[in-house]
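Structures are listed in the sections that come next.
Both complexes below contain chain A, partnered by chain B and then by chain C.
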Partner chain A sequence: MLHTSEINLATKKKKKKLFTRADISGWLLIAPSFILMCVLILRPQIMGMVWSTFEMKGFQVVKFVGLDNFKRVLTNTDFLQTFINTWEYLGWSLVIGLLPPFIIAIVMNEMAVFRKTIRTLVYFPGIMPAVAVSVLWAFIYQPNVSGMLNAILAKFGVEPYGWLQDGRFTILYIIISMTWSGMAGTAIYYFAGLQGVNNELYEAAMIDGAGFFTRLRVVVIPYMLPMLLVFAARQCIGVFQVVDQPLQMTGGGPNNASMSMGLLSYNYAFVNYRPQLAMVVNVITFCVIMIFTLIYNHVDKRASENM
Partner chain B sequence: MKKRIWKTVVLVTAIILTLGVLGGCGADQNAENGQVVISVANFVDEKTNPEVYKSQMEEVAGFEAAYPNVKVEDARWDFNVDTFLAKAEGGTLPTLYYVPMTEAENIMNLDLAADLTDEFEKREMTDKLSEFILQKISKNNRIYLMPTSCYDVGIAVNIDLYDQAGFIDENGNLYQPETWEDLAGVAKKIKDSTGVDGFIFPTTQNNGGWRFTPIAWSYGTVFETQLEDGGWQATFNSPECVKAMQFVSDLKWKYDVLPENALISGTNTKEQFSAGNVAMTFAEPNYIIELVQNYGMDKNKIGMLGIPAGDQRRVSLMGGGFYVINKDSTPEQVSAAMNFIEYRGYTCNLTEERKETLAKDYETRAASGELIGLESISPWKAESEYGVYIQELNRENLNVDINHIKNYNDKTGLEFQQEEPKDAQALYAVFDNVIQEVLTNPDANIEGLIENAANDFQQNNLDYAN
Partner chain C sequence: MKKDDFSNRINNGALRPMDMKGAKGRVTYGILSVVMLLHLLIVCIPVVWMIMLCFKEPAEIYSKTPTFFPKSIDLGKIAGLWNQLEIYRYYLNTLIVAVGCVIFDVGISGLAGYSLSRLKPKGSRVYFVLVSITMLLPATTAMVPNYMLYKDLGLLNSYIPLWLIAGMNMFHVLLFKSSFDGLPLSIIEAAKIDGASDIKIFLKIVIPMSMPVVVTCSIFTFNGAFGDFFWPYLLITDPEKTVMGVRLFEIKNSNLSMDKQMVAALFTLLPQAIIFILFQKQIMGGINIGGVKG
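So, the complex of A and B:
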């Protein structure tokens, strides 16, 4: 059994090893990144949490008010609907957004010809800025006959439909536009992942007479599953912060039907000049995202171990 | 030896990188060679509007010649909500910048404006301010903002469509709708005869509520009432407000004169109107300038009407703009910024030199294609020399058919009202929601919506107002 003094000595020795002179150059090299991370990532997050408990004038702290700001936000008559809306964004994004990039990656992988052309075409929406995508889709969803979708419907004698104005499905339509622009990047990742599928297994399955769907089920999906889960977690994190699309396409309407937590925070900070209330929304969002992040880290770790 | 070289390289690299990180922090904009430096926002963009920019820079050169101890820098920034607070916190707001009237209360509440009371007194301007403007730019009996323009909301019309629908007589006079129902009838006739939507009503980003307020006032709505204990009560859950909202609903479901899209931002409105896709919309002089300069609309195709009346009053919402002098400015910078404002001709103190500056400014604006002739409300008392001179310049530089704008310029019987005193932006947001619901749901329960809106506004905002 070790004595306390021996344990301390061992710890000291261990600590000393972390900060040996030989490591100084390493610490110096990471110093700029570390400072940047502290200044640009950690500090704003911590300050945001602190400020959410203060009364503020602009970004100037006036006085500590405890949880009053939280009470004000949580009792705001729009908050509950906004919180539910954000989960609806998330739900639709998982239903609509998860599979298309994977399917596209598989199609690209299976294609014997035009692979590069298809890859370029698939990636094209990914290079468009979010605002441009929103404007484009606002045109596609125009509720009159000049809107692209309604023009197509008109060819079949169908009356124009309100699309984004139908509050029951506004979020769904926004998610479709987000999926269109966001799936390219993910598809390329999946495509890269598919290159790692063991060819021997794939060929063995083919020799055994496995068709496309059987190969997909027994070879591809088991191999890709960790990656799919990682991207699902990342998608949850991203979608929970959605601001640009509802801001550009609907302004959060009709009648708050597409208001998201991100947009609510934007309105508090930049329209009503109450950053402390925006911070409260961000703290709540942060807590939810933290859960997703923990899941992401767990899944990512397992995925790395399986690779 | 090799190890030492390696260490030196690492150390130098680390220092350079760290300095690079910290290097961006802070830049002093104060005096250079004893000069007072003021950074001024809101100059036009050099690339998109070279003529006007050149004229503005000539004005700056003239000012610097008249005040050799002052240097004016182009801050290359216009007020916008996305960057404003961050710049304020970072201490990088310009010395002098322009804000719309809707932001006046916020700017003063945030303590971002320098106290101009002594400058106003020194320049003998306080007594010349019109009462409503003095009220708008003051807090606790101190003056914080400098008024530059003031206007009332009217109705812009597309001259071609108005003409096609028969609303321009043989003498070129535009028909002036007397009431909101009259306006709806005009819009319907335009749609029936041209196929183009008669009116466009913005509905998002607080534009819907903002545009709705003068309609509601004209039907007798009182939005907010101060209680004896100093608190505030939402008082728009009233038959008057319901009636006003019913008119908005009728535009869509009875007259069918609005575009199909019920989620329209202020920018969409300008795009649609300037492209000739709609015949009428709410507008004010600054709005017309934008339509011409930023959206390429021909100034001769724009007409301006006075705002119609409701069943109680004919009242228009007052808008305008103010110059803000940054609170962090030194007294010398405040004085230099006030001199610059005065030099540009925005104060009531007119000298022959300043008259020349203003006259030249009008010529440049006319030459750049801007519509000249719309009469604003003077922020100064009616009898002030400034107000009279501006009207004179407007008439001298008129560059469109006066018949197109004379209905707007005729303010007879028109009342002016400022936006609501407490949380106006939040009030507009609440009404955005109501208007969106009313315009997307033909069976919307207007009374219930207004009742809920009043409760929401009370609970979310006025309960916290003092």
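So, the complex of A and C:
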């Protein structure tokens, strides 16, 4: 009797209440994170797009103006240069930043002695905050003889060189400094990944007469390729949004040579106080990054299937 | 005999102990060692040079023939700059920011991860999917609207936005979730039978048992917050409240001499360096469990 009434009560409850007490307390724990996600991640993505079509006065929304802001940004002479620059950042970062951490990880993995010390030293630049890296590299690139690279060049009798002031290669030099600190973490990830390779595979390849580089090609590359692709995609997404380093090292100069989309949008919003134009730049960046993200998602899915 | 021992240790990667019997293997190992050494030099020289600069006088730095080693190593000078640049003040500000970030991160992400892992309330899949989606969204688009929100709420020159940003680390939510997934269910069930509340179970059982992931997330959040630049630079304009990373940027753009800039840079990375040395195991472990930098 009691048994059936209990069941009845339970089914009644189920019908009546969409959420049980346990559900509510579960949601209460999620709530802070959920609210922050909606307010600080989802809302600004939507509002950024909406407000990019509005006239603004300072940071106050005034009225809807359609695509006028887009017209204004796209016809600005700086825009095309900035857009190309951003691709240049990406290109150099793929040339300079993609393989070195992988190669270093492989070399680290071959070392027979001091493995822990090597790992610590390799990771060290990765813990440096970006500002400290920028200050350090600003010194390294100092255009006069007191800068590190010019001091080294001077030992070989070479005249001091302008480094960051040479507009043709400013982006390359910024990417080198970013790679110096950024590759540290990536190399350690690859190194951790390499620990998963079964040593017997090397032995097997060796019995088949494979030399060192062939063993890398047939054992390491196939094993690590998914991880490499994921990091490459992630690097594209990160570098395309670069703001801090050009802001800290060159301010976008000389002559806008190192201006990036991120910095342009920063300047629109917080130097010129025309946030609607900043949001236009961000919408364009968003579109490019969404393409990267789709590729990344595709690669990531394939990678996790293979792993 | 000793040589044999050494070649036996070459068994971590593609080079095998057998290779070391032949000249080819030894040459390969030699080349790899040289590459490693060169890389370590590229990593270390700038940092060592930076430390050397701290001890130099401006006249030494800007001379026509600069030397690598300073004329004298005077720790008193560094201590003097600690006072002169008022580093302690910026340290205190940054510490308040960083500790707050850790509390918000572990509190908010930890609770959400726990709920996702253990309580699984009805509809939490929606949240889980949203978490996965938001992790793919670029952060730049959010910059201006979020700034406007903080401005409208009167949160400029307050640390609260920085803490909130630390609290919405979706990657850490997933990290906490997967860590809690690995906890033995029986202990939690036993506590529940004893009448412990969810919060009590979380604080007394789940957190102590999940210390590795708590420590790892805390370290990454703390380090990130201590060197953070962009949002503090936008939001904190009151010089009394400036944090270390922003202060260093101001010092870089001021006309202070290079040695002072380098001392400031050194002080900015010192906390991270100390934490790295103390918690190396956890940090490297965090890389292994996360596969992604938090």
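The working rule: the second predicted complex is superposed on the first by the 272 of 307 C-alpha atoms of A that agree within 3 Å, B and C clash if a C-alpha of one lies under 4 Å from a C-alpha of the other, contacts with A are read in each partner's own complex, and residues count from 1 in each chain.
In this text, contacts are C-beta pairs under 8 Å (C-beta built on N, C-alpha and C of every residue); 3 or more make two chains touch, one makes a residue touch a chain.
Predicted model only: the values in this text are computed from it and were never measured.
Chemist: In the superposed model built on chain A, check whether chain B and chain C fit or clash.
Modeler: clash
Chemist: Applying the touch criterion given at the start, work out whether A:202 contacts chain B, chain C, both or neither, answering first, second, both or neither.
Modeler: second
Chemist: Look at A:167 in the shared chain and tell me whether it touches chain B only, chain C only, both, or neither; answer first, second, both or neither.
Modeler: first
Chemist: Looking at the overlay, does A:110 come into contact with chain B only (first), chain C only (second), both, or neither?
Modeler: Second partner only, chain C.
Chemist: Looking at the overlay, what does A:270 touch: chain B (first), chain C (second), both, or neither?
Modeler: Once the two structures are laid over each other on A, A:270 reaches both partners.
Chemist: What's your read, chain B or chain C touching more residues of chain A?
Modeler: C
Chemist: Between chain B (first) and chain C (second), which does A:59 come into contact with in this model arrangement: first, second, both, or neither?
Modeler: After superposing on A, A:59 lies in contact with both chain B and chain C.
Chemist: Where does A:23 make contact in the superposed view: on chain B (first), on chain C (second), on both, or on neither?
Modeler: second
Chemist: Output check: A:41 vs chain B and chain C. Expected answer is one of first, second, both, neither. What do you get?
Modeler: Second partner only.
Chemist: After lining up the shared chain so the two structures overlap, which partner does A:131 touch, if you call chain B first and chain C second: first, second, both or neither?
Modeler: second
Chemist: With both complexes superposed on chain A, which partner does A:32 reach: first (chain B), second (chain C), both or neither?
Modeler: A:32: touches chain B and chain C.
Chemist: If the two structures are placed on top of each other, which part of chain C overlaps chain B: 4-12, 148-156, 220-228 or 274-282?
Modeler: It is 148-156; the other listed stretches have no clashes.
Chemist: Shared contact residues on chain A for chain B and chain C?
Modeler: The overlap between the chain B and chain C interfaces on chain A comprises residues 25, 29, 32, 36, 39, 59, 144, 269-270, 275.
Chemist: Chain A touches which residues of chain B in the complex?
Modeler: Listed in rising order, the residues of chain B that touch chain A are 6-7, 10-11, 13-14, 17-18, 20-22, 81-82, 84-86, 88-89, 106, 109-112, 203-206, 259-263, 265, 423, 425-426, 429, 432-434, 436-437, 440, 455-456, 459-460, 464.
Chemist: Which residues, counting only chain A, touch chain C once they are in their complex?
Modeler: 18-20, 22-27, 29-30, 32-34, 36-37, 39-45, 47-49, 51, 59, 103-104, 106-113, 115, 118-125, 127-132, 134-140, 144-146, 148, 151, 154, 180, 184-185, 188-189, 192, 194, 197, 199, 202-203, 206, 211-212, 215-216, 219-220, 237, 240-241, 243-244, 248, 261-262, 265-266, 269-270, 275, 278-279, 282-283, 285-286, 289-290, 293, 296-297
Chemist: What does chain C use to touch chain A in their complex?
Modeler: 6, 9-16, 18-19, 24-25, 28-29, 32-33, 35-36, 39-40, 42-47, 49-50, 53, 61-66, 107-109, 111-112, 114-116, 119-124, 127, 130-131, 134, 136-149, 151, 164-165, 167-168, 170, 173, 198, 202, 223, 226-230, 234, 245-246, 248-249, 252, 258, 261-262, 264-266, 268-269, 272-273, 276, 280, 283-284, 287-288, 291, 293
Chemist: Once bound in the complex, which stretches of chain A touch chain B?
Modeler: Against chain B, the touching part of chain A is residues 25, 28-29, 31-32, 35-36, 39, 57-60, 72, 75-78, 142-144, 160, 162, 164-167, 249-256, 267, 269-273, 275.
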